[in-house]
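Letters A, B, C, D, E and F mark the chains in the order given here, with residues in each chain numbered from 1 onward.
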């Protein structure tokens, strides 16, 4: 029995609420159980200087946690003077994941900045961020089309993410914080609506894992992402 | 007529919601119209080293805005490597305001960190922060008493804050962003439940103001704070 | 009896010496008793980029203390990598105070940088800085007019500043360091030559203060500033 | 045909030279073709403060590139004031990979710092670093045992790493820089001597990949790591 | 003829005024012509941690320029986040020069911090700093002996410094800013009261110099330092 | 007898190996005994902005040590956020030394960046860096001429550097780390192929030195540099 009492292949309750930030071009409040992330998409007409003349747009992401999103208060990264290695890893992952399903030339030479701010953290903040950011980005594209800034929808597919792990020998889906701490292996999967793999990151916390175990995790992830994509469809429908 | 159509002495709709952060010892989501601030209070058994042996506790505050809390996206301060001067001014003000109504020795040699994170900004974020932080701090003291960490309530009085300004020659209360941009004079008042003044900050944006004008603002502020204190009483009642 | 033996409404000996920095366009060494601040005004033909096309000029200020201006040596802020919150508050205050009495379009699209460096600190360094900076700025405008860089005097009024406090229940003017440490309430007033209030900052160190107490401080400040303005007139006459 | 003319499953020429740093407790110069990394292992009797009382040791890693290791000169990270996100990702990966095959309590409450400095970069610097760092760490443990600092060998297994990618639809092993730039998918595998997977990181640069493609890469990686482990055995034999 | 019209071996007017900083244990305002440096000596009972148990004291120095000490205003180093390379070179030089004439064990395990703040700069600020700092340090030792903190005078000799250069082929002493800009070679000499050389730094700005030229500079420096030492004796006499 | 058993005027074994970095326009691995420095020269078509319109080129240098180049591991400077004062002193010295023998207008408005990375440190790293950097720069100029980027050789002379010191009263040449730690006086000389002095830096570690002692060091340095220049000729011949 996993700590959360859920079945191995059972997601937490997931909600995706659009339009939660009054000023942003797109936004989504995503929850995976007690994990809550506010995602916004901001259109910037002036992107980085290297975009000029490239004929395409760019999507970048930033990620942060409120200091008391967690059980113990964390120091604000601004007071350390720089984002931590973990933060940088996550924001690079979010950016890559979204770019993989976007037709960048269709955006024009503009930049869209995704902000994922974790209001409450109970495990899986990076995968929740990707899943919610897709909705915010979709809303931003709709906003742009309604103002004729772009004529074609740049979104080529859905993308969503979920974590999996091996807990007492059993592969389980969508780990909360307690499960993550107890798992032998931790993997994050970013998968598109059509089932293509965009990112795989697997780490053995204690003992190395086998190919079979890894495939077990991948199968769980695919079924989890399929459910998340269905929720994204509802959210933007 | 003021831009918001409110009467000169009319507050925006203000809400104070307690218990919104699962892990914090105290929390409050405060809204003043479209301005929304999440305030948490975190108890730290180990305060700064200079507390040791002092026989008293300390309350400090940190303040930040989500990048897309505003009309235009702001750069995260972590990427500039340090909090701005404005941020530092505000967090010092929040800390001083709360300490003015707390019996610090009654906390023991502990520190309570107040975090005020602005989710959406439509003017008056610092005054909303102080008003909401008082509720979070109150909840934290209740939590401490319920666990017998302290025996006496360290809270000596309410404290709340509100902005006032002169708009086209008329003193008005609780300015939103549009009003703040148009006002000739901008003042923030931090006042206790018993009507004592804790902080006064008045700035002439364009033309200096007179003693009479300043007194007009102070009177508006006192009436506004009285209403805010009543809402605080409801919130913690 | 106040610690300095002065009468409650008595300023320290104040001197304002012009022309003390050989290379600056304007300069003033200001002393308030043992507090000594060197103020310079530097004309920069190229201001910040946002000035271009605005049709007006800008005045900004920087403030610092020599490490051994004080009883105990302070760490240089450069070694902390950034100015402290207190330093930033003070330099923002000096800049706002001067801009309030200057006709910015009359400067043209130029920037004047005021540097206030505290050589010795015995309380009231920010108010001494503002009072002396006005003289340095005046000298800078005279220099500019003598070279026909500008044709109209941009200075619209005097501005000076003074601190007040409540010590053992009595309002007192122009606190030195010992008095400041002992005062219950501390307030800084920035007031123009014609008596308009530019900035008011009042803080209750221990117990909140009443409207009447605050008005008592404001009256002291007005009389103090009137004396400071008379000294400024002598200094630039 | 792949750009390097190698067969799809063919490694570059790999060398592992021990004892190359006179002062370090362990060292290895590793080359994968034109990629050259100097790895050292430094024993520190005083580890981070959280080690004290934990009853175990720690292995951490740092990674950097000489500015002209690459085709175009890179700015030194010290001049940016902080390591880049990429650098932090890599050094976290190296540390985790080594810790996965070490019996940490057998080290005692000491820290071993692995430094991987890239002298020349032609793709695969992170995987070469892990492969070489294992040899440096092995030499460090031998040094410690020869001085009776530890009595049991803390090394539980080999660990090595290799990159794989899909180039024009074909899975290929050990990509050089030109191949990495041209590949559709890029994956890094960290695998133990006994074939367990420690880390998997796969990224679709352009189009998502399928489960079958991913398994193809994993098989290549396993065969590559087996060869690398054989070379490690020779190097420390 | 040199730009300043002085004879080649002629110092500028040099003054050394003691006791200029009310709170410091030692201080000296040194002028070399238009160059003005405020030097203070601050006794710190707690030196750096590596002093503990060493049985000796330490002398360290910090150096800075006011932003408008120069013809053009310089940016404050605090805004760059770190002292420049030039600043660090100078403060290391001042510290080494003073330590060379001090009996460090006679200070006890204390640190004395020398601050040299350039109020006005017309060339030779580092050599003026050393010359004035010796006087401030002497005053500090006198202060310590008068309070019986130390019983023996730790000062073993005088030390002073002067710059020399080759201008149109002629060696000249004590260059002002205009001369320094025009000189082919620039050298700084730190020499004791008994004529021993503590530091020599010579740099060919344009063309390398010969041994003979260098010896010419050294002779000028010795005569200049002898005069400076005589002035130091008067100052502390 | 000196610690290294060498004769007082005897250099360590010195080697200069060209062409060691595949991608750099010029490179040299220089060894002085156990001291090993990798020097590269990188041509940058775009130099700093102040070069534009100046009609000349620039040569700048950067210097760093691998963390475990030394007996004890050093912290990476990137983790301190800035290069140390020592590092900055050395990189400024390397740049000045090379510029003194280069005809800067002959380079055109380009910048050449010299990187000196110390792989192993046993004293004399800055002098080894200068000596090796000259070879890397020479190779870079040859590369530029072979591609007709420049038509005239900008190199006007050789330049090399060596350290000298006084050990137990005897002047000795080319100190290793143990000798440097034991020497009373330490001096670095940068001298051209034709015997002109470019830089002299002498420091009395303990007791001041006399003119005669200094001349003794200078003579040793001249003979040492003559040998180093002969080795440079072989290396580039």
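A few points about this structure:
Please note the rule applied: a residue touches a chain if its C-beta (ideal position, glycine included) is under 8 Å from a C-beta of that chain, and two chains touch if they have at least 3 such contacts.
Computed from a prediction, not measured in an experiment: that's the story for all the values here.
Chains that touch both chain D and chain F: there are none.
Farthest chain from chain F (centres taken as the mean of C-alpha atoms): B. Residue-number overlap of contact pairs with C-E passes half for only one option from D-F, A-D or E-F: D-F.
Ranking every chain by how far its Cα centroid lies from the centroid of chain E, the top place goes to A. Overlaying the C-alpha trace of chain C on that of chain F calls for a turn of 120°, given as a multiple of 5.
Comparing the contact residues of chain A and chain B by number shows a mostly shared set, over half of all numbers used being common to the two copies. For the pair chain B and chain E, the distance between mean C-alpha positions equals 51 Å. One inter-chain figure worth recording: chain B and chain C are separated by 28 Å, centre to centre, where each centre is the mean of the chain's CA atoms. Shared interface positions of chain F, i.e. residues touching 2 or more other chains, are given as 81-83. Beginning the circuit at chain A and passing next to chain B, one meets the chains round the ring in the sequence A, B, C, E, F, D.
In the complex of the two chains, the chain C residues touching chain E come out as 21-24, 27, 34, 38, 40, 42, 44, 62, 64, 66-71, 73, 76-79, 81-83, 113, 115, 117, 119-120. Of all residues in chain F, those touching chain E in their complex are 81-85, 88-89, 91-92, 96, 100, 187, 191-192, 194-204, 206-211, 214-215, 218.
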